[in-house]
Amino acid sequence: MVSVSAYAQAIVLLPFVSFVVALFARDNLPKGGAYSGIAATAGSLLLSLATLAAVYGGRTVNETFYTWAVGTGAQDWTLSFGALIDPLSALMLVIVSLIALLVHVFSLGYMNDEGEEDLPRYYAGLGLFTASMLGFVIADNLLMAFMFFELVGLCSYLLIGFHFREPGPPSAAKKAFLVTRFGDYFFLIGVVAVFTTFGTAAFAGAESFPHLAEAALGGDATVWTPGNMAESTWFTIVGLLVLGGVIGKSAQFPLHTWLPDAMEGPTPVSALIHAATMVAAGVYLVARMYGFYVLSPTAMGIIALVGGFTALFAATMGVVKQELKQVLAYSTISQYGYMMLALGSGGYVAAVFHLTTHAFFKALLFLGAGSVIIAMHHVEDMWEMGGLKNKLPVTYWTFLAGSLALAGIFPFAGFWSKDEILYETLIHGLNEPLLLIGYVFGLLAVPVTAFYTFRMVFLTFHGEPRSDLARDPHPVRWNVKGPLSVLGVLAVVTGGINLVPVKKVLGIKGIDVLHKWLNNDWGGIEGLSSHHYAKIGPYESGYLFGGEAATVIAGAAVSLTLALAGLALAWRLYGVADPAEHTAKLGQIRELLYNNYYQDEYQVRIADAVRDAASGADTFDQGVVDGVVNGVSSVSLLSSERIRRVQTGIVGNYALLLTLGLTTLLVVFALIGGWFQ
Amino acid sequence: MVPVEYYLLLSSAVFCIGLYGVLTRRNALYFLMSVELMLNAANINLIAFSLMWGNLTGQTFALFTIALAAAEVAVGIGIILVLYRNFGDIDVMDAATMRW
Amino acid sequence: MSLLLQATTDWAFSVRALAPVLLVALSGLAVLGIDSLWPDERSLELVAGTAVAGTLSALGLSLWYLASGTGQPGGGGAIRLFSETIIVDGTALFFIAIVTSVAAMVSVASYDYLEADENPGSYYSLLLFATTAMTLMAVANSLATVFVSLEMASLPSYALVAYLKTNRGSVEAGLKYFLIGAVSAAVFAFGISLVYGATGTLLLTDIAAQIGGVGDLDGILGVGILMIAGGFAFKTASVPFHFWAPEAYEGAPAPISAFLSSASKAAGFVVAFRVFAVAFQPALGVAIDWGLLFGILAVVTMVLGNFAAATQTEVKRMLAYSSIGHAGYALIGLAAVTADANPANASVMGAAMAHLFVYGFMNTGAFLFIAMVEHWGIGRTFEDYAGVGRKAPMASLAMAVFMFSLAGLPVFGGFFSKYILFLGAINAGFWWLAAVGAVTSALSLFYYSRVVKALWFEEANGSLDALDSKPTGLYAAVIVAGVVTLLLLPGFGPVIETAEAAAAALFA
Amino acid sequence: MIIEALLAATFLSAVIVFALPDEYAPKTAFGLSLVPVAGSLYMWATFTGSGNALTGGDIAFQTVLPWLEVAGYTFQWYVGVDGISLPLVVLTTFLTTLAIVSAWTPIDTRKSQFYGLMLLMEANLIGVFTALDFFAWFVFWEAVLVPMYFLIGVWGGPRRQYAAIKFFVYTNIASLVMFIGFMMLVVSLPINSFGLPAITQSLAAGELGNFYFLAPDALAAVAFAALFIGFAVKVPVVPVHTWLPDAHVEAPTPVSVMLAGVLLKMGTYALLRFNFTMLPEQASAFAVPIAAIAVLSVIYGAMLALAQQDLKRIVAYSSVSSMGYVILGLVAFTEFGLGGATFQMIAHGLISGLMFMAVGVIYNATHTRLVGDMSGLADRMPVAVWILVAGAFAYMGLPLMAGFAGEFFIFVGSFGSTVLPSAPLFTGLAMFGIVIVAGYLLFAMQRTLFGPFRLETEYELDRAPIHDIAPLAALLAAIIVLGVVPSLFWNMILDATVPLLDLLGGGAL
């Protein structure tokens, strides 16, 4: 029987092979490499499902399969690659490989059918992207995670900049890589610090860094800290350093600016980035090393606040966007903010739940948007659309399902997961005022989300067509409809994997499958379970209205009401035959929102300032540093010019100088020798 | 008997006179003659000290010096001759095309 | 095992001991004879061949003597002839080898240089007589023989510098050389007379013995030593008696510049080494700290020579100044001598001797390359040298070797000699001399690399068609010098060992 | 005797190529350069040394022969390799061969001289990395400069003469400073050998005496400073780096490859061998200023790169930045620090070689290197451009490429250094270089390689010929292999660097 570890490696290698094939076989491939990519990701998906089943059967994996480099002596660290297959990573493997497969299929319609050039490069990029993300998911240590995290960044660069012949995509790709690189800088310091502190970067096991950190705080182990810093402080710092990478990749405030620009990439790539790979990587990383974060209340608080703030902040910007994918981009930032909020407030399961549901409905929305874009001949402005509902029924209905999920409307998937996040934040926040701020942010974002989501839906699909393109859209084929249908179903039903409120209110046992799954009920790895996190975590639960069920109902009612309110407002304003640009009424605020709170501007200004400083340094270098070098040579040559003037060419002067020299020597040595005393 | 210090004073005076001539005369022949004076100052010393030490080394060497001085003048005159041919003068300061 | 085991006074023995000197002298006379017997025939091949044969045989003989231990501690000790006025020992043979090898290269190279000359016989006889005098300087062991041989070397040199009778530069150079030389000779003679006055003898070993008892005459001795030092400073082109050198080297025919700056300088140093090491070492504590004197001269000479060379526009004049700078390096060999520590003295002086040996090849080669350029007639400045590397790669490569070796790059022979010289100075306690030497060496790299730059990097300014002629003799001499300079890096061992042994014998 | 054979074969190849007519020189040089490649790979395959060559380890392929005996000192012909030098020898031979191939397009005059000099330089570089007697080493060390001087001065760009002389004089003066410092040290030791192991072991035994008025401690400090300055110029570190951009910009592509790829490593190799092996206590005492210089080099060098408009200047300054990491790794004096520094020498050698070569291929086609003169080249020369992109990402430290391995080893090694006070702070600051490097490379790539195609010079752009691309691909493959399997070199490097830690009692943690 093949080991689960071998499955894990094969899952990663399959898409990698498709990358290599696409890279070298190039033009000899059918469909530019799409088929090999589909085959590879389908294989990965099957193996992922098998892995999931294996984990369900209690067969988890935590083993090293390749030693990259080892130290001996004092720094006897092992830098290695290994697979950590537990309930969390098994679930994530399925999500990633499923979305990747669907994106590959969808790309047949979006890229091949649209006659794009350079398809092998595209599919090579997709393959590598998928492989990198899968490698990241199975990583059993922080270094390996970092390495694949970076590869994910590379692939996003390559894919966002796929249309390199236009000016926009290369610039967006550069920005995406650079901004996330800035976050990764902190991440890398974090990795280095983890190695230095614990001597290992393993996620799980007795010799893992979360475990050692726990032991150190409990006084059962000693670890290195810089300058004898208190361990708890140092762990907080390390956690925040790693968080830098998360903020970058998961597009949290203030490093979210790259993500909307990344819409320059082909739409299937956006789906992959937003739903399952790059952006998800950040949140997944926090979940992966959650056992470390929960040891630091400060770090948790910061995660929660950043997440909550980002959720609201990004949602507000989504309100005024005119382009379909831009709205989705901000919604992604906002939704990942929710996940961070959940993680920061102790809602580990809630975060993973939302990660799962979001993966499906966001992939669905992006692919739906892609379908619209195909239909609209690559026009993305929603004001050019309208009335597509009847022309693109499959797209419309699936898109609607996704939108309802995104808006958090009962009983779609998003409702369950978002509600659980808010619930967890609330019950923990009752004892922790900081979390309450996060909760308020999260709650306020709910109606905004519903509003912009349905503004998008109404503008795109409802009303009268507002352009010729919208009146006669390009039809889409099975390869577009198929993935949409799969995801549409998932967006509706995924909530069912974790019906916690139902359980709590009605007391039906066993319907909180995800909870039990992540609680290692069917097996898992010691120390990586939700109950372990809850045990060592900093939060106590509190309840309103005297009980758990009441709190659940109250929370759900509030958020659903707010969501419906937002939806209603959108219907009222945009659900008409010929909607007007109501955002104009917002005046100054619209400008502010439309310009993304001038976040890009200040970051550009920072970049400019750095470049100015660089030119200053260059001037300094050429003038002063090199000037000194050239100055030394000039001074030498100048003294040379002076010295050689002694040789006047007139022999009488020579005789005189010779005599003077001899006389001087005579006098000097007469004095020294005392000849004439 | 004249004390040897007197000879030394004399020779030094002759040497300095010769040196003075070297430094002030522009005419190549005067220059040569001044050098001869300096050499003769050495000869005075050699002979005087030869007497003082009571050996003939100094006197013998003085003869060599005189001979060499003559040879030197011979070469010198030759050079002065070609100097005159090339520069039309025997002013030693004139030949100053090479410098620095 | 010495070739010469007989007692001194024997004439045949003396002739054999002095055979290298006599061979050169005889070849000089032969050239003179050829020229006198057939005054109307321009027998360039014959006289050049005689000169080369004479110098090469003298070189071979001196090397043989050196190798077999003649005159050295291992072969019966120094051979003293003619009432000790002549000495044949390791130092003498070593310098005879330097002088004759330079003379041989110059003789070969002059063959092409004199192609159009009316009377090569006179040139070669002067050259050979000067060489004879220089070999005599190497064996001189009395102030009398020192003075006579030194003048004997100077007189033909004056004539050789002014050899191009219709060339104003040559004549001017000859005049300046002669005038400064005459004054220096007078100073030198006066100094000898004073030393004689203080010690009553001219024999070097006797002077050393007498110095302890000079008493009140220490002032006279001191002035005498200072003036003798002046005489040597002239011969070696050291400050402040160096003024003749830039002009003489620039104005003279380039082979003569090579000869003067290498052989004549080496000869000046050998007498200086011998006189100061043998005769005046005891005076260090009595009359004058001549170590300090040479230290000052060394520093000033190194600085002036190297700095003045840095901004020259003519290659030959640059080399002239660099030659002055190298005199400064060699002076360290005298400056680092102290009254007691004998091993260190021998070591540093031996290093200076070895440096002069290497210098003899690399400097001669450099000047002979200039002779080649003069032969082609493409000009004298750095700009005129532009692009020569393309047309004459072998010669230009050799020139690059000379330049880098002169600069002391560790790639060639010049590195070891300079390095061991500085190391010797440090070991003897004179780190400041080594420091000045190192700094000026660094500067020297700049101006030496200018030549390489001009030859190889720059595009030719004008036509270089003249380079199509390949002067065989010049080429041969330059290539030989280059190969030897290169081989002296791996093969430096015998040179330094011989030199150290010879120097140790001087101080024994 | 394999080292002697390697040196002899390379010198002989140089002579042969010098003597060949121009039209045969390029391919013959390539063919002959495969001999040292094979030789070095054979050495690699049969390497059996262990420990550090200087501290008494088992030296592989060792030869000791007496050479000269002067002034009481013995000079030897003493060569051998350990885990530090062998990878550098392999790097040298490998890179030289590729550089020779990359010269086929751009070098069209005086070919036999060019290739002869390249081989001559290779021979001397092998000598530098294998010599274990100071004098043999020093001769090779300086002998490298001479071919380089000619290669820049004869085949360089418009300001080649200035650049060549500046390079030559600057680095030679530095050598002189280093040489003086080293001599002060050696003459104050009670040994009569210039063998580097003997000197190291004598120093480690605390046998250093006075040098005139300098007490042993002061002497060691002065000597350390002199050695550091001497090698720092070669590395180069800020503020003695200004010769480098001039040299790189003027040098033809293959020469830049050698300069950045191997010659800079001479400086760090010597720093490791001399400063950090022979005088570890001084290295520890000067740790803070050296680390400050390292950080300054990283950040300032990267800032300078950011300001450049010439692609080659960008890569040149980025070398300054990357070599700063090496210094940081050395000064940390930990296992991963020293090992990482050595590994980074190899990694940077390959990566900067690739970058210079790729820029060269672009220059061959476009005849410009100015960022503003072109855009969208990916459209016309895709293979070269995408390899350049890969190289740029390697430069940025992309995982699973050699640069990441080197940098990560250094960072992880230096962060917890006990030798360097405030090590986390210095490491953290230096690491910011990975952001700036991404900044300038991405900006430059975006403007030149991507966007709509535009070219200001009047040349037809063709796909690069295969012999331009092949060395790029070979380098990229090597970079990836080394990034994925660093243990190819890492184990032997560690084997040779770990003994050094004993000199300071462990170094880390």
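Going by the order they are written in, the chains are A, B, C and D; count residues from 1 in each one.
One rule holds for everything that comes next: a residue touches a chain if its C-beta (ideal position, glycine included) is under 8 Å from a C-beta of that chain, and two chains touch if they have at least 3 such contacts.
The model shown is predicted, which means the values in this text are computed figures rather than measured ones.
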{"item": "If a chain touches subunit A and subunit C alike, it appears here", "value": "B, D"}
{"item": "Pair with more cross-chain C-beta pairs in contact, given A-B and A-D", "value": "A-D"}
{"item": "Inter-chain centre distance, subunit A versus subunit B - centres from mean C-alpha coordinates, in Å", "value": "98"}
{"item": "Whole-Å gap separating subunit A and subunit D, where each centre is the average of the chain's CA atoms", "value": "37"}
{"item": "Mean-CA-position distance for subunit C and subunit B (Å)", "value": "26"}
{"item": "Averaged-CA centre spacing for the pair subunit D and subunit B, given as whole angstrom", "value": "65"}
{"item": "For subunit B, residues that touch 2 or more chains besides their own", "value": "19, 22, 92, 95-100"}
{"item": "In subunit A, residues with contacts to at least two other chains", "value": "633, 644, 647, 649, 651, 655"}
{"item": "Multi-partner residues of subunit C (each touching 2 or more other chains)", "value": "175-176, 179, 183, 187, 246-247, 308, 312, 446"}
{"item": "Touching pairs - complete list by chain label", "value": "A-B, A-C, A-D, B-C, C-D"}
{"item": "Parts of subunit C lying in touch with subunit B, wherever the complex brings them together", "value": "143-144, 147-148, 151, 155, 158-159, 162, 165-169, 171-176, 178-179, 182-183, 185-187, 189-190, 192-194, 196-197, 200-202, 220, 246-247, 250-251, 308, 312, 317"}
{"item": "Contact set on subunit C toward subunit D in their complex", "value": "347, 351, 390, 393, 404, 409-411, 415-416, 420, 423-424, 426-427, 429, 431, 435, 438, 441-442, 445-446, 449-450, 452-453, 456-458, 489-490, 492-493, 496-497, 500"}
{"item": "Complex interface listing, subunit C residues touching subunit A", "value": "175-176, 179-180, 183-184, 187, 218-219, 222-223, 226-227, 230, 239-241, 243-244, 246-247, 287-289, 292-293, 296, 303-304, 307-312, 321, 443, 446"}
{"item": "Subunit B - residues contacting subunit C, complex", "value": "4, 8, 11, 15, 18-19, 22, 28, 31-32, 35, 38-39, 41-43, 45-46, 48-50, 52-53, 55, 57-58, 60-61, 64-65, 68, 71-72, 75-76, 78-80, 82-83, 85-87, 92, 95-100"}
{"item": "Subunit A-touching residues of subunit B, taken from the complex the two chains share", "value": "19, 22-23, 26, 92-93, 95-100"}
